[in-house]
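Below is one structure, written out as structure tokens, with a few remarks after it.
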Amino acid sequence: MAAEPHPLLVEPLVRTALLEDIAHGGDLTTDAIIPGDRRARARIVARRDGVVAGLPIAATAFSLVDARVRMDVRAADGERVGAGATLAELEGPARAILTAERTALNFLGHLCGIATATRALVDAVAGTNARIVCTRKTTPGLRVLEKYAVRCGGGGNHRFGLDDAVLVKDNHIAIAGSIRAAVEAVRARVGHMVKIEVEVETLDQLRELLALPVDAVLLDNMSPTQLKEAVAEVNGRLLTEASGGIDLSTVRAVAESGVDLISVGWLTHSAPALDVALEIA
Amino acid sequence: MAAEPHPLLVEPLVRTALLEDIAHGGDLTTDAIIPGDRRARARIVARRDGVVAGLPIAATAFSLVDARVRMDVRAADGERVGAGATLAELEGPARAILTAERTALNFLGHLCGIATATRALVDAVAGTNARIVCTRKTTPGLRVLEKYAVRCGGGGNHRFGLDDAVLVKDNHIAIAGSIRAAVEAVRARVGHMVKIEVEVETLDQLRELLALPVDAVLLDNMSPTQLKEAVAEVNGRLLTEASGGIDLSTVRAVAESGVDLISVGWLTHSAPALDVALEIA
Amino acid sequence: MAAEPHPLLVEPLVRTALLEDIAHGGDLTTDAIIPGDRRARARIVARRDGVVAGLPIAATAFSLVDARVRMDVRAADGERVGAGATLAELEGPARAILTAERTALNFLGHLCGIATATRALVDAVAGTNARIVCTRKTTPGLRVLEKYAVRCGGGGNHRFGLDDAVLVKDNHIAIAGSIRAAVEAVRARVGHMVKIEVEVETLDQLRELLALPVDAVLLDNMSPTQLKEAVAEVNGRLLTEASGGIDLSTVRAVAESGVDLISVGWLTHSAPALDVALEIA
Amino acid sequence: MAAEPHPLLVEPLVRTALLEDIAHGGDLTTDAIIPGDRRARARIVARRDGVVAGLPIAATAFSLVDARVRMDVRAADGERVGAGATLAELEGPARAILTAERTALNFLGHLCGIATATRALVDAVAGTNARIVCTRKTTPGLRVLEKYAVRCGGGGNHRFGLDDAVLVKDNHIAIAGSIRAAVEAVRARVGHMVKIEVEVETLDQLRELLALPVDAVLLDNMSPTQLKEAVAEVNGRLLTEASGGIDLSTVRAVAESGVDLISVGWLTHSAPALDVALEIA
Amino acid sequence: MAAEPHPLLVEPLVRTALLEDIAHGGDLTTDAIIPGDRRARARIVARRDGVVAGLPIAATAFSLVDARVRMDVRAADGERVGAGATLAELEGPARAILTAERTALNFLGHLCGIATATRALVDAVAGTNARIVCTRKTTPGLRVLEKYAVRCGGGGNHRFGLDDAVLVKDNHIAIAGSIRAAVEAVRARVGHMVKIEVEVETLDQLRELLALPVDAVLLDNMSPTQLKEAVAEVNGRLLTEASGGIDLSTVRAVAESGVDLISVGWLTHSAPALDVALEIA
Amino acid sequence: MAAEPHPLLVEPLVRTALLEDIAHGGDLTTDAIIPGDRRARARIVARRDGVVAGLPIAATAFSLVDARVRMDVRAADGERVGAGATLAELEGPARAILTAERTALNFLGHLCGIATATRALVDAVAGTNARIVCTRKTTPGLRVLEKYAVRCGGGGNHRFGLDDAVLVKDNHIAIAGSIRAAVEAVRARVGHMVKIEVEVETLDQLRELLALPVDAVLLDNMSPTQLKEAVAEVNGRLLTEASGGIDLSTVRAVAESGVDLISVGWLTHSAPALDVALEIA
């Protein structure tokens, strides 16, 4: 399974989210109505079919509000579940369960939504060579979690930031003067453990690139036909990646072009949340 | 216009987002290829019709990367723009523009998406009494910005957290024993500047509530017909709010029931990003 | 009882306070003299009559210094205690008890002082309609704790910040041009869960206000006679709040005017600390 | 004059205080009523006689809210002013002045209160050898500012934390077994730039101490007569410090005992705020 | 030249370092002796031959203490300088120059030390194929700066963390059961933009590795003779890296084995600081 | 033994260091290869003779990554160990041990290196009056830990920052106009618990200083002969400290001059790390 983001990364995010709700002291409604010693049981359920992602993050929300809340997972991140499925069971102080509920669900719904959308694309390209990957078009502050959700959905991750891999785009090439100049500048300066990908928009550019020492090529906004031609041209010398406006209706045709990777920005910026809810037992 | 979130709140969010990209030192590609003294001009454009929200946040991304980048806005938050519209023009060090580009666009696309979806609902209920409002179903960490985007789209804000207003829900009522017991507990404990809303699911519950000193009632998952009946029952004594699975196809009918408020969770958790792009001049 | 501020809010405040004492490494005196394995018992005692507030915060100070310190409370926040009363008993590593002592007492003395002063005012208005409430004149950084201490003393809380309720003051009215203009501007822009209060200084202003949709009126610096007249004029249509230079000698007369609320800034900015001490057994 | 706390220390404190007011986005009242381009002039005035402390901190509050606010000081920290005196004049965006007002005044009133109380004690001991100093009984989080306010009032600072000087108290002595054992333990472990003071309660203890290599003695809870005897016994070999329940009515007699220092905890934990106000011109 | 770490990364590090010096309020000595309006000129000089690294970080120290300090660099990061060379000239408030001096020099001396040591190794392998690179054996908290200093010295960077590239070590292989199993596990899980290196200690392991899809091999603790053999075996199919106890006396022989990379941990954990000083003009 | 830095100080430093390795989510290699439920045993060993410092910091690294890792120390900070000695044994989840390994060793090697170098100097001056102390020439961000490591090596600490003791240097004297003027300025402004030291370069300056109320003199860059003369001149009236370019070959001669203290900057900025390693059992 996809490795979870480390708690050292998760906890500050959950803490920040909880403080959006209780910065003036606490949960006015719950603190006024629910006795401090009242305990409750609850279930987290999916209201739609989907793929699970984010249960450890939801668990962190409850435990940060009150370490005595116990959450037992009934599904695993990465698992497909049907509408009505129980994802986790909770037992503990009623106040904490109610106070943390929305934060836990906000994370969970968002990440399950991404995993679910990813899985749909992954299923659509089953049997081809293509892997679905995400981009840096992520929700500000949540990149680590969203990249994890993509992995839960069966997808892969493109680079994490501007600092761990090179992607030479049109603007870089324009300023450098040529693909060659851009690649040489990069080669001369970045470390040997950094992969280099270059974006091209035409087969001519692709041919220029094939003479240069790079690891991958991003074939931007090409039709399946063009992609097939490009893949043939590359002939295994580089990883090939298709991107640009690909959705569930087009992804299969793209994949059948033979590309290695299909990157999809909307997975992380526009996938709708999965409807998840907390039900007090 | 909607008041912008204060820079003291915006800057830490943008800083966090930028560090997702450059925590290992900087932008490997840009730093390797683009000379440090190279300047550039660029435009931020909308690729689809929409409503603008987040230009000050985008501007913060550029200025945090390099204070010498100048961004002149060509549209205002809250304004409707057509596909192709220029939202802002940039001039400054080329490196900074390229390094900040994605962070700026990630904020802007997300917030414009929320404003655009909000505006569609607001337009759909034009001429009725109803106001479209958002909920606490927000993206963790971004609530202040998302609530602002809703305002840019012509919507209103429900409470900001668990700490600034009371919303008594079914679970509270169940534990308290009755609506009356719950309301009395709240009345006895919260300050005089805190409004109190209670969620009901039936007209019987509504009638029980009408005898109590609260400010608003949340009519959850009622049909337009039920809502009309409820509004008549309330007869102006409380603010009435409809919620539960309302979308663009159903919102008009809900509004025509006469409710004061329609709350829509998906505005902030599932509105797709607006497609915005940066073009180097 | 008053709900305690959430530990997620308390811990950073206590951590900051502890670091004022040990940022260069630790407690020079204690670390040099007391063996690391030495244990001690101690009591926290009140040296004056007062009302308790802040025991959970004091407990946090000890547990952050060393989780092995056990603190058993012998009084509850909100309880009246006499001089000499034991508030809590401690057992654990002697170093931790001595190192955390001053921080724990600084919080406790400060908060008990506020609760004690609040309780005196609350007692003085017993039998009237009036509730004693605090203001935003709080010690920077400690607002959440101080508002809690006021609740421990039997008082109520006014708004928590500039962001959770509206209070239209003279300067706002002057710039808006009129009370009506100010109220209309607010009505048009703030959410439906936000209460609105307006400050007036004369009965004429009050009459102007009574025609407008607001929730409360702040009657600033009025004599008890004027207040009585104002309360009669309002006749239950709004919450009435008196403020301005009210102290223990005048609060009863103010309360007998019939106002709903009496707000007192000095509770949080000038109440003297209660003398509390730690005694090693 | 007293050196101001460095802006690197002041800014985080002011930022935290401002966020207590605007964490949900901004100042609801001001943002709704005051146009963004409206400018205003204002004065900060003292409503009582006092000693000024904290103007740079107040200025930071305004500039953090909006760097365009200009604050011209009309008095200096450490200066005595009469009721009605103008401490500073402000000009800038009206919104920022109103939003920052309370935070600025909360700092200023608190610090002026400490400076004013300190000055009263300092004046009361004029002509004696004694210096008024503060303790570690400070408001959590504000120690650096409060110690500065004491200096503004003409007082001196005792140690800043547990980490910059040694103060051996009764509990340390009890655990060490004797004053000698405690002092030897400290001498063996702390650096050569650290001063050592020991608290004694009797003349016998004082005599035991005089044979040991320490820098100062804290004479706790002694009467003026006992203090005079102690000072004679010490005969200049150590700094002598009196402490314990000293107030304006008793400080002169204490000072005339000949002690070098008089430490007063209530200066920083219980001095009432000075009444300062902001008046829009 | 090597791209500087972004100011968003540098400023928090410098701020933290400054606070080690002034957390109790400021610079006691300077604030007491130097008038606030006194200005000074100063030079930063190298007292030994070396390679410069860290001038922008030093500049940040001065400007964070007082934005009015102007620092004009007289050398560039990456430049070789002789003993006595002026690296920068400063003009501004004397207090700020003296208060920031030590922090600025601590960064500068440390980073110049690393650059100088790196340059010595780089020079020693001149004319060979080998590049000198650093490791993750860095000083906690300073990795971004130290990796930059290595680049200033003409070296290259290995991976920045555990999160941007894969290095399979002996322990991983032992637990996985075989090199093949370890590589397959990695291949199946990490993104396509992540390079993979495997550590081997014998030629047999190397041969096993050559059948697998990896990018680089780390030849650990091999003699120059073994390295030469290994390089021949690899024959350009992978990047080859030598590591293990390599110093200035042995690096040339290692380089002449034909390896592509020589990684040296002590560059970042044990290079002595370059002696740099600030001289008031 | 030397008191350890408080965990409240250590944990943020270790957290920061760990995040240098896993900010993008985790340890790519380990997470891909090692099953989450795999446990391991390991030993931390010294590969060279040295003095131990930093085991609690190393333990913090493991426990922050996973609280289930158990580390049993087999040596104590401050203890001399021979090459091959086991410093600690670890048992717990294999992933956590591998992920935390480098951070733990980076701290440990650095601090042991400082302790080892300190101990060498301390041993070299055995039998003399001199104590070896460190300076403010520390690695930015690590001062508290490095000062502790010096204590582990048997050395003492000079002042911790610019805020806990006074050291009047040549630049201060130059601006003040004379040693007397500088000392008087300091005396008038700093608290009574602050020690004052003055740097002199000649015997004439020393004589000028001896008439003034200071605690220590820093004899900068004097030969052993000059130091002996200076010590005679001082004749016990002040603490005497030698500094300036002192190393293992010269320290004994310096100590035999009779000075009380020998301060050595390179202990904290240039001591090479001790070679420590983690071996999986």
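For clarity, chains are labelled A, B, C, D, E and F in written order, and residue numbers in each chain start from 1.
The rule we apply is simple: contacts are C-beta pairs under 8 Å (C-beta built on N, C-alpha and C of every residue); 3 or more make two chains touch, one makes a residue touch a chain.
These figures come from a predicted structure and were not determined experimentally.
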item: Type of chain B:chain D copy interface by residue overlap (half), same or different; value: different
item: Longest centre-to-centre distance from chain C, chain (CA-based); value: E
item: Rounded Å distance, chain D centre to chain F centre (Cα mean); value: 32
item: Approximate Å spacing (C-alpha centroids) for the pair chain A, chain F; value: 44
item: Junction residues of chain D - those touching two or more other chains; value: 3, 22-26, 31-32, 99, 144, 160-161, 163-165, 189, 194
item: For the chain B and chain A complex, residues of the former touching the latter; value: 13-14, 16-17, 20-34, 38, 40, 94, 98-99, 102-103, 105-107, 109-110, 113, 136-144, 160-169, 171-172, 174-176, 182, 185-186, 188-190, 194, 266, 269-270, 272-273, 280
item: Residue numbers on chain D that touch chain F, as the complex places them; value: 2-3, 131, 133, 156-160, 163-165, 189, 191-195, 197, 215-216, 239, 241, 260-261
item: Partner chain D, residues of chain E touching it in the complex; value: 15, 18-19, 22-26, 31-32, 64-65, 99
item: Chain D residues touching chain E - in the complex, by the definition given at the top; value: 3-6, 8-9, 144, 147-148, 160-161, 164
